[in-house]
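What follows is chain A paired twice: with chain B in the first complex and chain C in the second.
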Partner chain A sequence: MTIRVQDPGLETTVQDTGRLGYYSIGFPPSGALDSFAYHVGNALVGNEPGAAALEAVYLGPTLEFTVDTVVAVTGADIPAFVDGEEIPTWESVAVSSGSVLSFGQLRAGARPYVAVAGGIDVPLYYGSRSTYTLVGIGGFQGRALRAGDELALGSDARDVKAGRRLESGDVPVHPSTAEVHLLVGLHSYRLTDDSLARFTDTEWKVTPDANRVGYRFRGAELEFVPREQPFGAGSDPANVTDCGYPVGSVQVPGGVEPIVLLQDAVTGGGYATLGTVVSVDRDRLAQTKTGDRTRFVPVDLDGALEVRRDRLGALDRIRSALA
Partner chain B sequence: MTATEAETETRYDHGGDEFVYVELSAAMSLPVHFRSLAITRRLGEEAIPGVEEICPSNASYMVRVDPDRLHPRDLVRELQRIEDEVGSLSDGLTVASRIVDVPIMLNDPWTHEVLMKFRDRHQDPTGTDLDYGARINGYASTEDFIDALAASPYLVTMMGFVPGLPWCFQLVPRERQVEVPKYVRPRTETPERAFGFGGAFAVIYPVKGAGGYQLFGSAPAPIFDGEQRLPDFAENDSVVFFQHGDVINYRRVDREEYDDVRAQVDAGTWRYSYQELEFSPSRFLADPDGTNAAMKEVLYG
Partner chain C sequence: MGNHTITSRTPGVFYHRPSPDADPYVTEGSSVAEGDTVGLVEVMKTFHEVKADAAGTVARFLVENEDEVTIGQDLVELET
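Take a look at the complex of A and B:
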């Protein structure tokens, strides 16, 4: 009842829906960056919604199964193989004890997910199986997988058949320019009107500094409105009195390198934020890679809630169809 | 700490679909902080369905909401109601607190090495963070500045960034408070247990990682223990040591004492020295130096 890691890929971690309830002492939620891919994977293999799965980035892992089970590969567009034979993705696939799952070269997106019937069985840490590598907690020994690791599988899998698949119209495409919706606000008043307009007009390029904590972008220079700084903030125009950072918030230290916080977010700090990416659009950022481009499309609160409703409604429909 | 600071207009805003951000004031002050504390405490007691997380912070607070259960606009209305009910400053508020002795080595070799690597991201590429802090705060020497940093205790007014990091606001009148900017662009590296300063706040970084605060020193004792190896963490069943409302007395130590604490940590025997107390904001605001002296008396006898 295990998975043997023959090759870990670049940075493969155990993730679930995340660790909620400890943001106020500095624990980010962690959890799958592409929530849609993660949930569909679990639904395809018949798992409960919170079962732990594997999240890889850029390079898929090579995994040997020691049990007959069912798996599904979702997320990034990447060829997957069982014992050298290409398998369909976004579809449940039977694997036999001794079989090896491996991956080819990424075609689009950034993060493939591997869901396994029963889920990955690692201990709960503060209520979640998600890995948070920054401080080395959760998941498998608090770290990304290494060759030779043996992952236990949960036993509460329902009896699912291979060949259940996501309708092709529901499979996300990963364009090289991602569009994400942004609710402008928080400390957006710190930026000049020109700079705010420039932020949403610019196609931002993902820098190499892009990981589960956040993505840094380059593409334009933004300017702050001059002011006498309030006490406690610090004298730099990008400084505010330290406050909580929403997951998905965008900060612009120095005006040249916007940072969007993701699931392993730092939970607070003292750089001005100009708005927040709508939660369901973090899935799209998760599937962008260094060199890809991102546009931030402004929405108001009603628009943000509508994007959320549409995306979560589609997920509910898909899960019901697969149940 | 004037009345006008406590009575500035509160700003309610939405952090995407999942967060509501409430800024009681753009500027930090203790009256504003205590009002934020009183509001978030009341919000917690009311246990409103759909309120998922409550994050009090320095002069603001943040609430994570499940918009499928509670419309973020309805949450804002609830928060405005609570703010009105709590009033401008809760005189009777007291905070269950501890005063904690925290050894700190200022001008240490470890943060010095790192900060010298990142001068290109700093306001003053030619000096050190301590020299810069001393100069912009009007101190005659770096040594005087170091003395001021350790002269009076600090209140933990926010937790976060990463698990267990305490934002500490020095318990002195405004004219004696230190203030420094954060780095122009954050470093990609900060040593574990670094003592940093940004805005009007001192912090200890629990783990190594990115960071934008000025680097002034290093704490020998951990504030995060993921495996709960040390008794302070195991006995409280927590991976973080500090809590909102703790009072921290940063005590300067030399290299010898620093190494001694490190040895105790390695041996698994290290314990913080602390005493429990009720912190009364109104009492402190009426007599800062007297309250500090009394709290130190509780800690050191």
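Take a look at the complex of A and C:
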């Protein structure tokens, strides 16, 4: 055993790139919500790209290492300490057997990530080590970590080295108003023109109901175009006949409190999808916290693809530079 | 004699009581030991106990029951 959990923090889970390929049978992908922070963490310590890491939220865990290893803390802006001494984040750091990694009070963002040389060794479940807590599968015993848990380290190390650092210009900033790009559709026609404009004009406030399943927002009320509901759609004007929900899709039950579905969400249902947050911008959403604000910036398909190309290109450049 | 302020470690909704029908954890004038629970913050559908990080007497609450709070927000003032 190589990591002992002294304090689990809040909903700290093992995550990797996710459990892809089972969406059609109702399995959401899970995986790190902030994909950039997760991938950069592995690149910093020198792991294979898909090594499993720890994702925490708001409160970091307190972890005791029982082996000499290398770690990197990425993601949220939060002070991290080894044996009480503050360590740099977005940089790989050597820790000795007996050392304790702990965290201070979050300054900005929401989710810190801890990458450890070799990755976290938990059994693969349907090809992934990601935790899907709602049904209790994957990760460490299918659940968030608890005090006393002991985690083994895996064999996903490639070229482990302390002192690798992300260039400061590449470190994401976490503004208290996040902007995420929204590809409008599939059922945006169900909103009145005024309401669709209001949706993209409003600075939406993140409510306390914001987790790996989805983020719920408050800030305005939206109206649907009156119609006679089609067969199977139910009576709420926010309903359509059931369909698949893209990861990142936005629905507005009852016209109030829009919800963005994230990596642990239900895969389909009967709420109208106003649009879908561009996949790489889920990283930004994952770093917003209750009380922060979010604006949805509409883009067309070409614009969405460009945002994705730019962001993934930057990640490739960073990984090459760190290799 | 001095003052100490207990702050919130997470964002969420603050509650004075463990459940709607229960008595409040503490009221003004209650004496608390370090580590005593003085309230709850609910976030992501989980409840997080707010612990006193000093001993003292509750001087006043700085937030109302069911107020939304942010990280680092002052919650309870203690006379120490």
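Note that in this section the second predicted complex is superposed on the first by the 319 of 323 C-alpha atoms of A that agree within 3 Å, B and C clash if a C-alpha of one lies under 4 Å from a C-alpha of the other, contacts with A are read in each partner's own complex, and residues count from 1 in each chain.
Just so we're on the same page, a residue touches a chain if its C-beta (ideal position, glycine included) is under 8 Å from a C-beta of that chain, and two chains touch if they have at least 3 such contacts.
Owing to the predicted nature of the structure, the values given are computational and were not obtained by experimental measurement.
Once the two complexes are laid over each other on the shared chain, residue contacts for A:K289 go to chain C alone; chain B is not touched. In the superposition on chain A, A:G244 makes contact with chain B only, not with chain C. Of the two partner chains placed by the overlay, only chain B lies in contact with A:G232; chain C stays clear of it. In the superposed model, A:T276 lies in contact with chain B only, and not with chain C. Partner contacting the larger number of chain A residues, of chain B and chain C: B. In the superposition on chain A, A:D209 makes contact with both chain B and chain C.
Looking at the shared chain after the overlay, A:L59 reaches chain C, while chain B stays out of its contact range. When both complexes are overlaid on chain A, the residue A:G26 reaches chain B alone and has no touch with chain C. When the shared chain is aligned, chain C comes close enough to touch A:E11, but chain B does not.
The intersection of chain A residues touching chain B with those touching chain C, taken from the two complexes, comprises 209.
Residues of chain A that touch chain B in their complex: 20-27, 126, 134-137, 142, 183, 185-186, 209, 213, 230-236, 238-244, 246-249, 253-254, 256-257, 266-271, 273, 275-279, 301, 304-305, 307-308, 312.
Chain C makes touch with chain A in their complex at residues 9-13, 42-46, 48, 68, 70-72. Listing the residues of chain B that touch chain A in their complex gives 13-19, 21, 23, 25-29, 52-62, 64, 67-68, 72-73, 123, 136, 158-165, 167, 169, 174, 177, 179-186, 188, 198-201, 206-207, 209-210, 212, 224, 226, 239-240, 244. Chain A contributes residues 10-11, 57-59, 105-106, 208-211, 289-291 to its touches with chain C in the complex.
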